[in-house]
Amino acid sequence: MNNSSTKQIVLLVGLPVFVIGLCLTGAGCGGGANAVTTVTLKPADLESDGVEGATVGGGGDKPKTGGGPAAGPGNLVGRFVLDGVAPNLSPLVAKGATVKDAEYCAAEAVPNQSLVVGDGGGIANVFIYLDKAPKGYKAEGELSELVFDQKNCTFEPHGLVVQVGQTVLVKNADGAAHNTNMKVIRNKSFNQVVNGNDRTGVPLIYEKAEPAPIKATCDFHAWMGAYHLVIDHPYAACSKADGTFEIKKLPAGEYKFRVWHESAGLLERSLKVKVEAGKDNKLEQSYSIGSFSKL
Amino acid sequence: MSIRRKLNILFVLACGFLIAGCDAFSPPDAKFVVREETNKLTSDVATAVEKELEGSFGTPHQLVAWLKLPVDFGGIPGATEESQLEGPLNKFPVKFDAEADGDFISQFQTENGSFDFGVSGTRLDWMTGEYSGKSMQVIGYDSETQLLTTKEKVEVPPAAGDTFILSAGGNLKSGRALYMEHCLHCHGVSGEGNGPTAQYLNPRPRDYRLGQFKFKSTKPAEKITQDDLGRVIKYGIPGTYMPSFLLLDDEELHSIVEYVRWLSIRGELEYRVDQELILASGLTNEIISERKADGDDAAEIQEEVDEAVANMPTMFHDLGDQLAESWVLAEDEGSLIVPAIPRVEDSFESRARGRKFFLEKCTNCHGHKGRGNGTMTEDFQKNEETGELYAEPGLFDIWGNPIKPRNLTKGLYRGGRRPVDLYRRFYGGIGPSKMPNFATTDPQTLWDTVNYVYHIPFEKPGEYTEVDREYFESKKAAGGETTTTGEVDESSEEKQTAIDSADSPNQK
Amino acid sequence: MRWFWLTFFTVCPIVAVAFCVIAPGMDWWFPSEAGSPLGERIDSLFHLILYIVTGTFIGTQIAMVYVLWKSSKKDDTRAWFSHGSHNLEVIWTIVPAGILLFIALYQMDVWAEFRVVSQFPKEARKAPVAEVMARQFEWRIRYPEPGRILQIQPQPTDLYAVNEILVPAAKPVMIYLKTQDVQHSFFLPELRVKQDAVPGQIIPVWFEATKPGEYTLVCAELCGWGHYKMGARVVALAEEQFEAAMEELAEQQSDDGFADAGDSDDE
């Protein structure tokens, strides 16, 4: 073999090998776990951080929600109506079905309460509420105790309005234990076993308002469901079986209400309502079946 | 052109591609993952969220230690003392915090008693006072005069009582380096449980970003403690791909635990901010376009968006405070689950009582014989988030992964196999995987069940037949049917898995 | 060119032998002094083979260098054509064969003592100290309760640990090696123990740690992406300390949490 072809072979083979070698050594350095890192410190409180603070959530400053305390209160009375034919929903658990604790849970059929429409088209379990407490609102007086019961493996009531700090007694009218699990967002989790025939009730107190109604479930009986609206003011209501509701002693002014139903989500994000002092302000809202997309 | 020439050119080109492809000089940049929900937000708000997150936590290479968080970032806090010296000067009398004093000595003092701060000095960050927010480099310390010497000279000496942190962030940096080395490939850069190897694993690695962990010793509503996290890292989780890192020393373990907590806080903060912005304010692209279609005033909507953006730092601080509080509360004595009575002695009677409790509460998921094949594994469950049924029957955890109830005949206890660990699983439940808690059950019954569960892998055929019969008969007497067929299983041909040697329990 | 190759082939073997000689001093040699009696014997076998091989190496290299040197001289002598030599071929077949046969027979007892169960030290065979289950990517250990004999089947009283094997020092101990998933290998470099763990098999492995201390355990069979970090430790303790450590382990495993209200339960 002559010299030039040896040189060729050396180049052809040696050069790539050399370059590969370089690359591999290069690839090993830098980056990843051993990359140079810096740490900057961020102060703990708002002021040192250079932020002019305003509290978030609750205590709304929007002039649109508030009315002056000088104006007297009025009531908001109304009704939610379904425009269209109510769906016929089959029960979640048929009577006599073989489910866990059938002697309580299948003693009666467990109705599907996703959309309860009364005679005359009234929609039950619709929440109407103010997103934030109105300007100048101060909590006064003691809050009554509410009862949240479980009978025949169904929550009663299906929709409950709860104020922050109000005690809800979770009771059990069935012989079998239930495990009440609240799907909280802002609050601390509540996941408690309520023993059979507990008539004293396990206390449930919410410390914060929730941004939307939260669901109550039972870990033992998966079909059970109900909703709590947790707010930090009393200006909310849940419509009854006939679709009617009433919110008492609303300071006069213009408000933006939210209307929520479990099978629709937010029906209204900011429903403008004018409340006049000293009278029952009427509100009639009608929704077509199409709005209830989550059925 | 000759063949040789062509080959030469080809090889030169190949080498060129090789160098380019090797990426030898630009390693891939690690980035924190942005949540899906953040991406759903309208762009101004989403940008504000990401900006605030970066300002509060940084990027994987440029970390931010947010002093609000109950994370041990490392560093030695101290304060200046009354100084007689006049400026310009670079020597300040200082005193280190009582607990940190030992750290200072051990980190910087050399064998002959002098202090070494490294070639380029050690960073000092002023927290309060004249120089708050600035950093300097410490190059010397005199233990007699307690004078700290910095590289920079200042005109005005810091006042007495000005606080600082020396060598801040060291723990966070080392935690990060260790995490990237040991944990990242499964748990991902942001602790989202989706690293490169995660796709091959079942169960999936933990996603820290919901702030919930399965195997903790605290009450159901509380967060996990540093000890629990340390245990998991040290001893692994048998039956999963989480290995034991026993060979790490205590300091390294502590750094990793702190970094994991930091990632968890970061992830949960983003999660909560998203929840607020979506559920409370409705600032997603979808909702906004719906509102515009419904006829809402665009200017009003823009005002809401602007307000949310302006309010972002405050929201972060508030939520940060809440999270900090919950993590601190987890370390509190009162959060720990401590059995009210010592373990009830293991006896057949105790196990029989445990068996009855098991039949009452546990068979739905864990099955009649504890094989993890209860009826709930065959039903279609509802996804609480979407309201739809899951595509597959069986149970799902909060991260959306399908899970199976434990097969107790294997004698494999993921959260630890001490009696107190089992007690804690019953008392506290396992929130993320939907195992209910039995905090209201009396401790005697819980211990009976612990005794029973320990014995399941060693059960002999027919051992509990009488107990089962008693239970079902008492149920019938009370009236009504029960789910389980009510027939006592007297078949003895069912093999107990403890006997099958090829399938050794207890070691998986 | 010739002188280049001559120098090359003279210098390289000399450098190789030099490196070999200074290696132990530079810590480029075995991980440590063999920590077990059998390990020492294995080491001496290794040295024996090394000496034999080195002798052969030096001999062949000298021959090669001589040939190179001789033929690198500019010489007009015609090359001598050899038609092969039957005798030479016989010699250089029989001698190496003999050496190999010698090595094979010489090491037989060490091999048997390490690998053949019936040759294991009796006291190790009678009371296995632990069952070591290799799994991706850790070592799960199962001990019998102090005072009991380890059974193949897990017992309710067994104690469990991970990545740390406690053994008594200065006496032969035996473990049962199993694997839960793929092949691993139980490798104690300092004690010169290596045994593959084969799925479906229970393999007894014995060793003796001469001195108390911590010994590294690593996996020596590629078992997946975590093979490199499948490290653990074997902690050899003096007899009383071993018993005390096992008692402590038993206590920790039966911790019912009642006593330490408020204590952080570490361990």
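Observations, loosely collected:
The first chain written gets the first letter, and so on, giving A, B and C; residue counts start at 1 in each chain.
The definition used in the following text is that a residue touches a chain if its C-beta (ideal position, glycine included) is under 8 Å from a C-beta of that chain, and two chains touch if they have at least 3 such contacts.
Since the model is a prediction, treat every value here as computed from it, not as a measurement.
By C-beta contact pairs, the most connected chain pair is A-B. Using mean Cα coordinates as chain centres, the one most removed from chain B is C. For this pair, chain B with chain C, the centres built from the Cα atoms lie 40 Å apart.
A separation of 24 Å divides the Cα centre of chain A from that of chain B. With centres defined as mean CA coordinates, chain C is found 62 Å away from chain A. Against chain B, the residues of chain A that register as touching in their complex are 8, 11-12, 15-16, 19-20, 22-27, 29-46, 48-49, 51, 53-57, 98-104, 107, 131, 175, 177, 179, 181, 183, 185, 188-195, 202, 211-212, 215, 217, 219-220, 222, 266, 269-270, 294.
Listing the residues of chain C that touch chain B in their complex gives 131, 133, 135-138, 140, 142, 152-154, 156, 158, 160, 162-164, 178, 180, 200, 225-226, 229-233, 252-262, 264-266. Of all residues in chain B, only 4, 7-8, 11, 14-15, 18-19, 22-25, 27-28, 30, 55-56, 58, 60-68, 73, 125, 127, 132-133, 165, 168-170, 172-173, 176-178, 180-181, 220-221, 275-276, 279-280, 282, 287, 291, 296, 311, 313-315, 317-318, 361, 364, 375-376, 379, 381-382, 384, 387, 429, 431, 434, 436-441, 478-483 touch chain A in the complex they form.
Put simply, chain B touches chain C in their complex at residues 182, 185, 197, 217, 225, 227, 230-231, 235-236, 238, 241, 243-244, 246-247, 333, 336-339, 341-343, 411, 417-420, 423-424, 454-455, 457-458, 498-499, 501-502, 504-508.
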